[in-house]
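Shared chain: chain A. Partners: chain B in the first complex, chain C in the second.
Showing the complex of A and B:
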């Protein structure tokens, strides 16, 4: 044998045992929150570095290339947009002072604030807006959200390189810029409030390039050497920020690739100020602990989860089988996989999305109906004798170590009760993504959709419109095609009246819940908890860690400790430096 | 004192044998006496008031897991899985390692005439393997081996079999074991007991081959082997009747330690997510699932960890006992 030497094997085994023996000791007890120094004083205080962390890492800091789920946090404090979202998810002015809707909804005119400045001190003008839009939507930009802006006049010609400028964006004065659309588009403002088109400094150039120093007009600015890949990112206050008095913080640091348990212990020590990632046992305890409850909050639900059934592959090409699956799943069981974060839900749009209609039909657990649908499908199943049902095992693909690996095991049990036998195939994440988006490959998969912008279109269009079907990398993983639904969604996108739009999306929801290309199962909500000395921290409907208005109110006890820690680091650094010098001299 | 007496008086062997016996009994009887189906969730009784998995109780002897399944039933079924994989993978790796070691050691310093057809088939097998046709490659390799064993007719080439085999072993030893196993495991769209045991068996024979070869090098020079060759006995007969019995001791020791390694390897693979597909229970996977709960439901971690510890310790102690008992210096 060469795998692991015997002594190492024993050591490994002994280590496992020791770890297990230690695990039950004190790890379950939560430390007390670290109090604010002036809890009764609502006036913000200036200064201090906010320390955040994550188990993940970021790839690149550029609004034109939002390449992972974590970087929007960083982008959000570095880059300001013409418009932004408020805490409730409504579009509000930011760099734009105001806007007008002209030409029956086909033209948006934005008037910029005067005196708003980039981090390099230059004023933000309409030219910068156009240049930044063209930089983000140009042929060379790896912008994953570019298609969101396809209703801009001349988008296709500009993206393909046939035209040098984007005709749909025109400068009408130093502080006035127009966006012209080829047709009315109810999603235009919500997608404009996202990050890709946010103005960047002139030094970024007219075309996208990997080699640049992040520079925008957000409340914090990037510092040279402030990032180390896979370790941390630091930003400091932008003194020229256009909102008077903001930000209160001197700066923010993110530390990356931190183990979940380590994050918790650092948070309890006050080495991290806000905690966003949790072990399941910890989030349950924090939510229930009365000492911590005032300082924790759930984000609004921005994502849905479910079982996507490929409508082109048997047995899910049979609508009755799909209806049977949708009725057979007890969504409460899914919740128990992660009780604090998962909520049972049988609809394609999360409840927090504007336009969500609670009165619209949803999918529900109904075992008798599920068996009836199996009978109608021609595959009756008798639960007493466990006979009948679909005669073949059905492959079910999930990726390793994700939540779906657990919900899959529940699904196997639920569907066995109506005569559908699933075989779980665990693959790595890229394979899973490839299989789910590949035509004719996966009969049924676990799938989820995270909101890009708070609008029902962001859920219906990519997941269920037939134009989202592709041979590879199909967003419509159910390969569902329904001309009536397509027409409904197209009309809803052009409809600017919210009431009329709501009626159209309610009808779309009825169709999708009834024809069941997905069995919708749950929504997922993240939990944030902060130390009491982090003030003005509130959950946001769209962004994670919206800290522009936050301030720090540490007690004297924390202050000296932080200083002491800083002093220790300095002393250690000096010591190491002198040792290096000594070696160099030798 | 006889070897058997030395073995039975060996304290480590006694403890190891007891642990192994307990493990075997647990694997055989555990699923029978368990009060729950290992694959069935009990959402009503499997959670406490805080919606955490319940701890050890009369209903759930070793607590429940995060999907409210009985840990005892899953550990017992996991024990069967671990034992079956470990024993069969050990059989495979030991057989392969012993065959290569004996062939290399016995032909050391000589050039063996290998039929050209076998050489061609081996080259073809490597090409097929590179082309992603493992089944055809295995068939070709089997045919090559058959040709090597039986082929006395037709054209042949003199080959330094020992150098060829041992340099092959050196090359394979250079691969990091876990990386190799995970890469092979990831190449399969789904993993079953057979897949795992074949992967482990085919990647773990290298050390055995080296040890057996070194032992054969000394055995082949003993008088009775030299005499058998002088009397004209066939090579297969000499290897089976004279060489193999004299290297059986080391092989038995390697095999018993190998079982422990296989249990550990299977657990590591499962822990890293490259093991058996769920919902089949596996100790390594249970360990992985338990770590998310170590602050709230520690039994989910210590139960599989304790079983891994006990079984690895048991087989290692048995191996140590065998080694001491068979040591000619004692």
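Showing the complex of A and C:
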């Protein structure tokens, strides 16, 4: 480069002016909601395509391979199960019209609804249920949830290929199927209501294969060519759906890998109907905006967060140090990082999970107690002189763009007040996942757990039972081992009486909060907002975007776009006006 | 000439092999766990182990590598509509098969994923390259020919802006102005019809083109200024050649020689994936595919993307080498 001619501030000024004028409004202003045509009429209307989107992508549409967090939304409308969850997370009948618990809780008998049909028109029978279960749990299926069903009789032999059929599932008639368990299992119904074992059409075959067109008995059916990786999925109404009058919608489309800013643009102009992914600033604006508030809602809290301390690595092999950490964290400070989404919380089971006991002991912020625990641990710390404490820096792993990248800075300060010095190591997500699950690697990490199914066992067992410890991929990231807790959790899993079960889990919570393999810090809840013309849309305790009963009430054939046409003309006028202004200034 | 070409081809093949081998080693020695990325962060250890075994990730690294190489190019039955299951993930022509395996995450043949993404990336890269070339050469030439005037100053100022502003900012700005506010173009995506493909490519290609055009403008302007002061140009003027003819025939033609190298390598780079732009505009090309694979530790797709990118860059580099003698008689004479 040889020379750069003189100042061109004029150009920059004109450019900036044009942009400012083009915006025609204050930066970040939200468009007004697009109204419903018949807001006062509660009767559902039939028709219309609901448009959803996500910044992420789905991998595979198959209940036997639920491989990402987004695909359950799609599976949910394509595949009906024997049982499902209601809005509060309780197990309710779906393809099964009823069930019985037999043999002291070791056998579940399901009686199927007659006349329920798959998308290919075939009736759903007990044979289909057994075939679908064997397809999902067979040796070649990549099902990441298979071990949830290991209490079925013959599971291990079938999955290892030693036996051709799963002995624990037997057909007792065209509409009757039995599931036999090797021991009583209070989690069996909640895990059955998940998606992996949902019946699939005969075209799916008896064994898992990637080359299959999704076909189930859900309220919507797949259309050939209705999906492309990284782009979209489209489904249309299944006219043979077993619930009369449902669904109301003609279809649903999902668009994937949409940039977060673009999602908001699309939502405001009515190109997508429900917004679930947000830039943090947009959540705050939407929650505060009185025009949008009636159409937004927080999901139930089904995710906990905390600091997982590796009980095999010093100094966290010392229970007093762990207690000190649990008492040293002011959870209110965590809330400030994401005020809309985070709630301070000091217990291992989120409040929305059935069986949650608000009276059970929790961890609390108590700086004096934290210092006392440090003294008992043998590492007293004097905050006035800043002397004492654990003498070595402690590596703390977080991943980029995760919440912990922000909360880490709070934690470092909180623990410095009791004499623990953390060194933050920011790594990418795959490395973080590998490190946290690898034995002897990470002394303390920020960790979260999202409910797989609504039951306390789903939090206690993977996170704190010793059988969840592995050399690699350990769910028990604290590598915490307590035979009393193991015994308690095993008994609670076999206990079918809810009241007795509650007592056992309260005791488990007492142990975990006291011995503190984790310092529990918060629950996380997501926010959804929909356009007013999306009706019958409510948050669900388990599923995101459960839209089986939603309907659309748009103002006209071209609804939202027509409403916004004047906005487009205004913007064009603003641009032309700014160009004239820029010329004038020159 | 033929010996030189053969030597270049052999060297190119070595570069591609070395790049892919390096990618294989790096993606396997990093402290990460692909099986857990596949099964999910909350998958139970037993399920993670089963997934690991199903995908052969529990085998020694050299076994995985030799399996990959043996499968990569092989001979098999002609690929028709009905193909044997053993060759379900192959692509190729006639009996010559290319098999990059199955994506861990998407459970589809990598060859098919790349076949879907490559034409789209090619379309975007070609449009962006054409745009930046036309804009860059035209504005660089004008700026040099009118050196010191308001045209020159304006061009330099705009190119400074184009080079300085990050691509993602340009992308979001263009998207906001032309798609969100003015509604003239689609916000993102690739569209479903040929017309939609064309309208959809405008914003991402412009985003890439602005940066490239700014860069090319600077390059052409500086080369042209240098050339316009050369003896042969002065001689041409003295012999009565018109100003336009001198600029185009005697200066611009020579200025294009260094530009060819830059354009070819840029084009190769864009084919490798304009990662940020593809992400902002949800363009389903190789960039999105490769980045997704890296984030998910999807080994077969990573290797497939690296292989395609390496081949493209090597081919473009070879093409430049072959094009030089055609553009510059001095090279031909050597």
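Going forward, the second predicted complex is superposed on the first by the 529 of 586 C-alpha atoms of A that agree within 3 Å, B and C clash if a C-alpha of one lies under 4 Å from a C-alpha of the other, contacts with A are read in each partner's own complex, and residues count from 1 in each chain.
Everything that follows uses one rule, which is that a contact is a pair of C-beta atoms (placed from the backbone, for glycine too) under 8 Å apart; a residue touches a chain by one contact, two chains touch by 3 or more.
In this text, all values refer to a predicted model and were calculated from it rather than measured experimentally.
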{"item": "First (chain B), second (chain C), both or neither touched by A:280", "value": "first"}
{"item": "Chain touching more of chain A, residue-wise (chain B, chain C)", "value": "C"}
{"item": "Chain B versus chain C as contact partner of A:262, first or second or both or neither", "value": "second"}
{"item": "First (chain B), second (chain C), both or neither touched by A:413", "value": "first"}
{"item": "Contacts of A:336 with chain B and chain C, given as first, second, both or neither", "value": "first"}
{"item": "Touching partner for A:423 - first (chain B), second (chain C), both, neither", "value": "first"}
{"item": "Residues of chain A at both interfaces, chain B in one complex, chain C in the other", "value": "1-2, 4, 6, 12, 19, 23-24, 261, 428"}
{"item": "Of all residues in chain B, those that touch chain A in their complex", "value": "39-41, 43, 47, 50-52, 66-68, 93, 173, 177-178, 186, 189-191, 203-204, 206-208, 254, 257-258, 260-261, 264-265, 273-274, 277-279, 287-288, 292-299, 301-303, 305-306, 308-309, 312-313, 316, 319"}
{"item": "Contacting residues of chain A [partner chain B, same complex]", "value": "1-4, 6, 9-10, 12-14, 16-17, 19-21, 23-24, 27-28, 261, 264, 279-282, 284-285, 288, 332-333, 336-337, 339, 395, 400-401, 405-406, 408-410, 412-413, 423-428"}
{"item": "Chain C residues within the chain A interface of the complex", "value": "30-51, 54, 88, 102, 105-108, 113, 116, 148, 152-154, 156-158, 160-161, 172-173, 175-177, 179-183, 187-190, 218, 222, 225, 279-282, 284, 288-289, 292, 295-297"}
{"item": "Touching residues on chain A, where the partner in the complex is chain C", "value": "1-2, 4-6, 8, 11-12, 15, 19, 22-24, 57, 59-60, 65, 67-69, 140, 142-148, 150, 159, 210-211, 228-231, 255, 257-259, 261-262, 265-266, 269, 271, 428-431, 433-435, 437, 449-450, 452, 462, 468, 470, 472-475, 564, 568, 571-572, 575"}
